[in-house]
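First chain A sits with chain B, and in the next complex the same chain sits with chain C.
After this line comes the complex of A and B, so read on.
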């Protein structure tokens, strides 16, 4: 009834309020992208002219460049680990009916529920204690970040893959097996194509959430071993210029592209 | 052997294999389970234990069994103030998100075509995963005394100072923009699930739109309102980037001082106590919100 009634004042009120609120969410990003092209040395509105210089400057700053590649590397490795740990766990959760299943599900989801600043602090203390005992440096090295980011990715992976696995009827796999297909053939020819959307969405969510992590990284970065988010935070404490805009624009483009790909496979609003 | 024979012969074997596989299933998740227990739950338990240790400036942490860190928190007015500021700002941000989120979520559920909705949802969700540092830096650009808002107001002849950076107003604005997308998608999925025939029925019986919202839609959406509010509260209580960047160094909230105590001051016992006070406060507020909402629900359903 509503959809056809364009002149409806209630509809008009909802449209106005919603556009204002969505503007409030989106406009800041538009402004920061705009700012990355300003030619002014000192930030002012409106700009004197436009330039791409800030992108070159952001690339020249070792903190941002190294931070970007470190974040990329750490997030990719962690996504792979959460896939290796999460895929079998999802099978068990989706197919199994065993005692304690709900409790185990809660444990696997717990990294999402414990606030980042608390789990980050706990990891930091834990890693330093291991270092005191064994001289193995974890906090401040890649290992610490990989462990933290794998914790971030795992619940997303399990949640999204489990949801897609529930859609697979196990009797189809049984049928393929009874017709002589080996377990690998069954997995690659039957199960994998059906859970592909869940796997892609899970991997992309794991990757993005690791890449943008701030609170755990804060505790676990070290000298010459700083992720992009921490490099940005450190820079912002002293300077605010269009270099920030350039880095932000690159990050917005990266995340937006990954989310649009995800949306193609799994409705994004269902992922949360 | 015919195909029929094969099927008959293999049936018991398939069944046997099926049971065997079912019983093996739980083992498949042991690597993930061990990983989470060893790298999250154990460190948390360890930190809980450390919060009962004694801190000594020379030796750092001394093993003990004392409540002194918690007592220090509750006897020091500085930390009391930090906790109440965190609670106040979180509640205010959550309420604003609720008020602003309901119309947007309802609009998306009732007034948009499939494609339009998909585009709007992407616009709401992309900022959510853009990272808190980048999003907060965008607000710094707007709220700054030489920023977007000041320039915009300047067009209308306002040249006074904005005084939004380094204030609680600025922090609330920043937090609301971080939390709103969570509220909108949580509420939206609940509104989608409500049969709109109910609204049509109420409307045909003469109820105005606000009455329908108050009497029909919102009571049915209460689980979503609860879930969205709890999510916003948890995220606001533990926010780091917004208070640090918009609030500035003198604007203290819980998450930044937890980081400061554990990583900078290396006072692990007190830092651990702060972390668990933060978790406990968040939990108490979550329970409080649930109680308020359930009470409301009872009143509505009578």
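After this line comes the complex of A and C, so read on.
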């Protein structure tokens, strides 16, 4: 059913509501990008002039620069872990028939449903317990962040890969077998290419959601071991200038670039 | 010589018997149709031939070689699926080339054979399309080309026409038969549609409950069903219980008392029925003068189809028979309405005796 099948007032209302919603999503982003160029010393309105100084300053601040690279590293590693764990899990969930399948599915999805601050706190306490018992420091080290970020990425990975796996016609794998392909060849030349949109979308969402995480990271960062979002929060406590706008703009650009590049190779809409 | 032999092949899923003691010899170049209702084991049999299902018992021998325990990729069989099963991320040409790639055929030869295979199904101009840009019929022809290009020992077709519309099905049916004939390919075709089975195959195998019910050339199976199941599946609703006459095998004593003359029949073991095709039974409101078998009754349901009229007639003995009067033509005899007393009559050669089981 298309909106334009209906009467004009309905169509008008539909368009208005759609535009309002899109405005709500886009306007804050537009504002933050805009204000990152203000030359005002303290962030305020209206702009006194425009400058690129804040971008240079953001780069000069070691907290932001190091935070950026730490977030990048942690997010990439945890995305790889989500992929390695999530791919077989998705196969089991999509293809397997075993008792407890639905329960496992729900458990794998649960990090999406539990508030980040709650699971972050839980992880922190858990890591401390392990530290008491084994002297292995997890909270405050890379290991803690990687575990937490992998938990963030896993549900996205599993959900998106499972969805594309369910969409795979099992006959195509049998067809490949009958044409002479062994099980491994079928996996790499047929199954994997067909679920590629789901894999890429899953990795993308795992990466982005790890990269932007604040709540879990709050518990798990340590001295000289601060992610970009925590660095932003720390900075905001003492200073209120357009540096944060510049950092935010870089992040927006990064995520947008990721989405556009990905969409060029696989139609993301097909992964949902 | 790709002759296919099934030796007491069985497939059990736990307690459930999908196929039981299937024994069959399929000659080189023969076109066999496996026909039956869903759940009769025909698809399981085909999948055992293809190697997708492991037989619980028995042996499958192709061209003298035991393939029972070989995985599908080492059987050299072309398999065509109901839902086409084309690789969605590959073009038509890449789909067809896949099997050759797996066999490490050289680039130039692959290109040449792919082109010939696509020519054979009249799709050469679509070589660079993706499967989803093509119609169902075209996709199934690609699947056929893909299965044939590897020069399989046996071609296995799993309800390949079921997803196509009626006109296309007719066309594809003829195309498959012609391809099979021109290549001399041993072919096994699974279908639930008796028309598809009859119009393509050299021999058809009627299956029910995991067992072979009847095997034979289509005309033989159609004209001489051996069991009540075969008769029912092949569209014969009229089954009257009785017993063959002891002396001559040319008369049949109905349980309701009448004696029906036959054109000579082989006796069947156990309980039996007289089977009559609706279109072999004539219906008239006056007693016929011809020397036919006849039974009196009353029209209970009349269904008008234009070219034919179906009458369900309640016999005076209480049984119900269906007769089909074909195309009376313009200005022909008027239809007989519900409640009309009628005579049903048929020549002795129209009746066939079938076993109850």
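Just so it is clear, the second predicted complex is superposed on the first by the 237 of 272 C-alpha atoms of A that agree within 3 Å, B and C clash if a C-alpha of one lies under 4 Å from a C-alpha of the other, contacts with A are read in each partner's own complex, and residues count from 1 in each chain.
FYI, contacts are C-beta pairs under 8 Å (C-beta built on N, C-alpha and C of every residue); 3 or more make two chains touch, one makes a residue touch a chain.
Here the structure is a predicted model, which is why all the values come from computation and not from measurement.
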Which superposed partner A:225 touches (first chain B, second chain C, both, neither): neither
Contacts of A:172 with chain B and chain C, given as first, second, both or neither: second
Partner, of chain C and chain B, that touches more residues belonging to chain A: B
Touching partner for A:73 - first (chain B), second (chain C), both, neither: neither
Chain B versus chain C as contact partner of A:57, first or second or both or neither: neither
First, second, both or neither for A:185, with chain B first and chain C second: second
Partner chain in contact with A:194 - chain B first, chain C second, else both or neither: second
Chain A positions touched by chain B in one structure and by chain C in the second: 174, 177-178
Residues of chain A defined as touching chain C within the complex: 169, 171-172, 174-182, 185, 190, 193-194, 196
Contact footprint of chain B on chain A as seen in their complex: 1-3, 10-11, 13-15, 17-18, 21-22, 24-26, 28-29, 31-32, 35, 43-46, 84-86, 88-89, 91-93, 95-98, 104, 107-108, 110-111, 114-126, 129, 147, 150-151, 154, 158, 174, 177-178, 208-209, 211-212, 214-215, 218-219, 229, 232-233, 236-237, 240, 244-245, 247-248, 251-252, 255-256, 259-260, 263, 268-270, 272
Contacting residues of chain B [partner chain A, same complex]: 7, 10, 14, 17-18, 22, 25-29, 31-33, 35-37, 39-44, 46-47, 50, 100-101, 103-104, 106-108, 110-111, 113, 118, 120-127, 129-135, 137-142, 144, 146-148, 150-152, 176-177, 180-182, 184-186, 188-189, 196, 200, 203, 209, 234, 237-238, 240-241, 244-245, 255, 258-259, 262-263, 268, 271-272, 275-276, 278-279, 282
Residues of chain C that touch chain A when the two form their complex: 50-52, 71-79, 81-83, 85-89, 98-99, 102-103, 143, 146-147, 150
